[in-house]
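Every chain is named by a letter (A, B, C and D) in the order it is written, and numbering of its residues begins at 1.
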C-alpha cells in the first residue's frame, strides 16, 4: 500500500477525480490465461452505480468500463484471456454537471476532507470532491471483478447489516434477499423497514451511517504473510481505506474484548458427515473470522466495517474558510442519505483484491501447499 | 507492509522466535542526527516486559536491547546520534525454559495459529509459539521508541479502557493514573476493581479480552497518503497486525454507524482564547479521530482496538492434531490472563511508527507544508 | 521496481500494448503545485515519435497525450497545476495497421522476446510485439517530462555517441547539434557520416546498435539511498530496462577496470574563479560520473548505455515455432535500422524519473540538506 | 530495492558498519522446508573473507555467521530446515583495530564516499568507511548462500576475467582453475601472470580495477517481470550496487552496439543430440546473455561488471576537508590492491538473490509454468 497503489503481487493503481474526463486503474500482476472481457466487470460496476434508487445520489453515470490492455483474443484459441501484462481500465465521467462551486471551493465542509487536502497539498480540485469523491471507488470495484477470477472456488458476498442504530435480525439472514432490495440487506423484513426509515432521513436532508459485513467463502487455509502482511492486517487497511469507514472488525471484532477464553477460542474437529467430509479440520465456531495469526483457517473470512453518515447534509454547520474566516455551510443538491449502501460492492471488491494478492503471495513462497494431514513420523 | 517489514520511508523489519537465541529488528530510513542510545529505548521495553505483576506471564526476560549499527558518537561533536544508515537492534532471549513440548507440537491449540502455520508452511517452531509468539512485539516497541523521536512535538500515549465486559468511566480519565496500576488503566477506581476481577479470572485459569485506546497528540495536519496509503488505513493495518487484535476503530469507530450526519460531522472554528490561539482551525468535536479523507486534521489521533482473550486456558478444549486425529488440549504453566494489558505499549509503538512514516512521506512529496490560511486571491 | 511500476516516491505505472486501443501511465507521488499541461509533455513525445525521418520506423502515430487527472486549474489562481493526486496519462494508438500475423504468431523472431513471453505466460499478444514493443516507452517519456519539473535547476540531455562501431569525436561535442540531425548526434561531422552509413544499413534490410550518453546537470549533491537504493543502482536498472539495452556505464564505466587508483580517483578542490565560486567542492575529473557510494556528488551525472541492433531484419534467420518445429523467419515491413536513435529521449526520461524519485526520497529522510561546509568544532 | 532492502519476494535487509559491534541481515520470504545450517553459509563467507592471500586486505575477520531465527530442527523430522519466517543472520566484527582517525575524519578521500555521506547526512561514521565499507557485502554473501538453495538445479559461478588492462584468454577458460589461484581467475596462465603484476601494483601502493563475469546455469526459462522488474534490470541494479562497480553488461554488453542485427540475434533450434535433447529450444549463440525482453531464455545468464581500482592508495592526492579547506591525503595501512578480486563471491551472491526472487515471483503470477511446446490448434 502506498499512495494510489495497493497489493503486493496483485497490484491495483487507480487515478481520477470526480469531475475530470475519466477515472481508471491499472491492474498489474494478474495471472495469464484468465478469460476476461468487459462483460465480466460491468455487472459489479452496475451494482455500485449511483442513481439506481431514490436512496442513492442521482448523479447519472453509466460507468461503462473499457479494457485498454492486458487481454488478447487469439483467433485460433477461442476466448479473450489475460496475458499477464498490466490491465488498463478506463471509465469515462459523463455527468459532471456544471455547477456553482463558489461555496465549497472556499469553505470546508465538516466531515469532508476539504480542509485536510488543502492543508496537505496547498490546493484541491473542489469539483464534486475531486479525488476524495467516492467516485474513485468505481475503479476498485472493476479491479475486484478481476480479482474474483484468481482464487479458484472463492465466493465473495457482502450485505448491509445495520443502518443508523437499526440492526438486522441475523436469524432472518438470507443471501438471496440482498439483491432484492435497494439496501443490499439480507433481512427482508428489516429492508422493508429501512424504506420508510431512510425516506424520513432523506426528506429531512439528514443522513445515517451503516455497518457492512463482507464474507469470503472458499478461501483456502494458509493464506496470509505474517507478521506485517497478515491477511487480517491487509483486510483492515483495505476496508478502513474505503471512504467514510471508521471501524473494522474481523470475526468477533470489538466484541472479542468482552469474551472469555472459553467463549472465544474456536474448537476444532475433523470434518465428517454434516460438517463437510474432506478430512480437513473444521471449527465449531468462527470467532476468529477465518483468520488466526494472520493466516486463513479455511473457514469463511468475515469482516465488518462501519460507514459514517454522509457528511453532506441540509442543516447549516459551523465551519471555516481557507482564508481563516469563520462561516457556515450546508449542502444542497444530490447526495446519498446513507453512503453505506453503496459501500457494499466496494467492500466485496476490497476483500477479493486482498485475498487474490495473498493467494499469489502464498504460491510464491510456498508453491504447492503442504499436504495435510501430515504423516506420522516413525517412532 | 510485506511479510516482516512495515513502513514505507520509516521501515522496520523484524525477526526472531520465542525460543531462538535472540530477536531483533532493522530500522531503516531514520533521519540522521537524532540523539539515540539504548537508554532511549529501554524504558519502553521495560513497560512491555512480562512478569512485572502477577497479571502478566511470569517468563523472566530482561529484554536488554543492544544497538548494533546506525549510530555514531563523534568525540568532537558530543552526543551519539543516528547516521541515517540502518539501525540494527538485538534483544537476547534469556528465559527459554526447557520444557516438554510433546503436547503442543502435535496438537493445535484453539485460538492459536498452530494449525494455520502448519497448513501454510508445512512445519512450525512450536516452542513457545515460535514466530507467532507475542515475544516478537518487543522489537516493535524498540522501533517505536525511535519513531517517537522523529515527529517534533508528538506525544503518543495509550491506555486500557475495557477488560472483559467492564468499561472505564471516561469522566474519570487521568493519564497520570496509567502508570500507577498494573493495567495501564486511566480510571483509578476501575483499576482497583480490575485487581480483584482479574485475580478471579487468573485463579480459574481463564482469560478475558480488552480494549486499548491509543492517542497521538501534536501530530501536524496534512499527514497521510490517499487513496491506498491513508493514515487511518495504515493505522488499521498496524493495529490489526498486533497479536490477538480483532477490531480497530478510529474516532467514533463502529459507533459512527449509529450517528446522523448532524451528530457526526465535526464543526470547525478558528482557534482563539480557550481553544488554542494560533489561528489554526479547531474542531468542536473529534468523531473523526483526527483523520479526514485519510489525512491528519491536526487534532489528536484516536485509535481503539480490541484484543481477544488469551487463548491459552486451563480448561480442556476439543481440537485436532497434525495427523488428522481428534483430541483435547489444555494449557498449563505461565500465561497472561489478559494479554490486552501488554498490548498497551505495543499499540503506542505502532502508532508512533505509522505517524513517523507518514511524516517522512509528507516531507518527500510536499516538502515544507503550505502556509495556512491562504491569501485571498485578488478579485 | 516491480512488474510495471518504477520509482519509490515518484512512481510511474504503465500499461498498454502496441496494437491495443491505447497506452498510458499513472504518475503517482508528484508534488502538488507544479504547473502542468499537455504542452509540457508533448514536445518530448514528439522527439521520440517514430516516422520523423527515413531512419526510424514509418509507423504514423501522432502520440497525442491527454492528462486525465491529477491537475486542476482554479480559475482564481491562474495556471493549471498538479494537485498531488495521481496523474493519469493516455495516448491513443492510431496506426495499428491490420496485417497478416500468421508468420510471427507462431514463429519466434531471434533477438525478440517472442519465445520468452510465450514460455513465461503461455500466450502473447503478437500484434506488433504487444507489450514488448518499444511503443510502451512513449509512456515513460511522458512521465519523464513531469519528472523534469520536480528537481529545481536540473537539466537532462542525451546524445547518440556511437552507431555500430563508429564513435563520435568527443572533442567535437556540441549539444546544439543534437537537435539538428536525425540521430541526436552531438558531433556534426559524424552525423553527416551517419546519414550515408545508416542508409546503407537500411537499404540492406540490416541494422546496427548504438551507444547513448545521458547527462544530468544541476543535480544537488546528496541524492541516493545506500545500500540497495543507490542512485547508480537505480539508474542501471532504469537504463537496462529500456528495450534492447545490454550494457550500462556510470562515469568511467567498463573502462574503470583498466585504470589505476591514481588515474581513477577524482581529486577535489574548493570552487573558485573558473571552477564555479560558491565555496562548494569541485572535482578535477569525473570518472565517478557524478556518483560516489551511490550518492550524487553534485557533478554532472553521466550514464551511457548500449542498444543492440534491431532484431527485425530482412535476412532469413533460423528459428523454431511454438509447436516445437524448426523453421526460418525474416522481417518485412516497417522497422528501425537503428533503434538506438529513438532511445535518446527515453534515456533522458529514465534519468529524469530516477533523479526526481531520489530528490523526494532525500527530502523525506533528511529534509533540508545539511549546511556545507561544516563549522569547526571547538577544540 | 529501497534503502537497505533488496528483492520483492525474496527480500534481504542488511545493517552494520565496518567498525560497529556486528553486521547482519534479515532474509525474508524464503520458502519453508529447506535444509539450512551455518555450514551451508560459511563456505561462501570464507571465500569472500579478507586476508587469505597477500593480495587482499590484511584485516583479520573470522566472519563466523550465526543463524538467529527462521530455522527449526524438529527432533522427529531430521534436518534443521527453514520455517518460512525471517532468517536473522549475525556476523560479529572482531578486528576493528583502534587507530588514529584524525586524518580521514576531516578529509575526504578521493574516490570514496566520504564527501557524499557527509553532504547527504550531515555526519558519518568514518571508522573504516563505516557503512560504505565493503564489509557490508559479507551479509549479502550470506544471503546469497540461502538464495542458491531456492532455485532447483541452478548453479552460480563467477570469475575474474580482467585485471587492469590485462584480459584473460577465454579459450583457456577452466572453471576448475578459479579456486586454485588467489584471483578467482579461470585462465591458469593469466593467473600466474597476475601474481607478479599485482605484486608490483601492491608494492607501489597503487591499485587497479577488474572485470568480473558471473554465470548462472540451470535457470529455467520464463523468469523476469516486465517492464520495470525485468530480470536484466534487476541484475543491473544488483551488480551496480556492489561497492566500486561502474559498469554492468548482459551478454554481448556494451559490445552489442557494434554488432549488426545478423551478428547479434541468437538463432534458435530444437535441442537434439549434441545440443541437449529435451525438445526445448536451444540458441546457437548467447549474445542475449540469457535474457530477452527481461525474461530468462533458459540459456546461461551471463553478466559482467567492472570494478574500479581501490581508491585508497599511497600517493598523496589533492582533496578538501569538511570545513571547506583544501588539503592532501594519502592512505597508509592495510588495503586491497585490487578490490575486484573479492567482488567475485559478491557477484555470485547478487546473481543468486536476484534469480531466486524472480523464481518466486514467477511462481506467484503464473504458478506451474506453461507446458512447452504448445499443442497445435485444430484448424
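General remarks:
By definition in this document, a residue touches a chain if its C-beta (ideal position, glycine included) is under 8 Å from a C-beta of that chain, and two chains touch if they have at least 3 such contacts.
Treat the numbers as computed from the prediction; the structure is a model and nothing was measured.
When the partners of chain C are compared with those of chain D, the chains appearing in both lists are A, B. Most remote chain with respect to chain D, judged by CA-atom centres, is A. Between B-C and the choices C-D, B-D or A-D, the pair with more than half the same contact pairs by residue number is A-D.
For the pairs A-B and A-D, the larger set of C-beta contacts lies at A-B.
In this assembly, the C-alpha centroid of chain A lies 38 Å from the C-alpha centroid of chain C.
Centroids of chain A and chain B (each the mean of its C-alpha atoms) stand 25 Å apart.
Chain A and chain D have CA centres that are 44 Å apart.
Each of the following residues of chain A touches two or more other chains: 2-5, 14, 29, 32-33, 77, 84-85, 120-122, 131, 226, 366.
The residues of chain B lying in touch with chain A in their complex are 1-6, 8, 12, 14, 108-113, 115-122, 131-132, 136, 162-165, 201, 206-211, 221-230, 232-241, 243, 246-270, 279, 281, 284, 287-289, 291-298, 304, 306-313, 315, 317-320, 322-326, 340, 362, 366, 369-370, 372-376. In the complex of the two chains, the chain D residues touching chain A come out as 9, 29-32, 76-77, 84-85, 226, 360-361, 363-367, 370, 377.
Only residues 2-5, 11, 13-17, 20-24, 26, 28-29, 32-33, 66, 68-70, 72, 74, 77, 81, 83-88, 90, 105, 120-125, 130-131 of chain A touch chain C when the two sit together in their complex.
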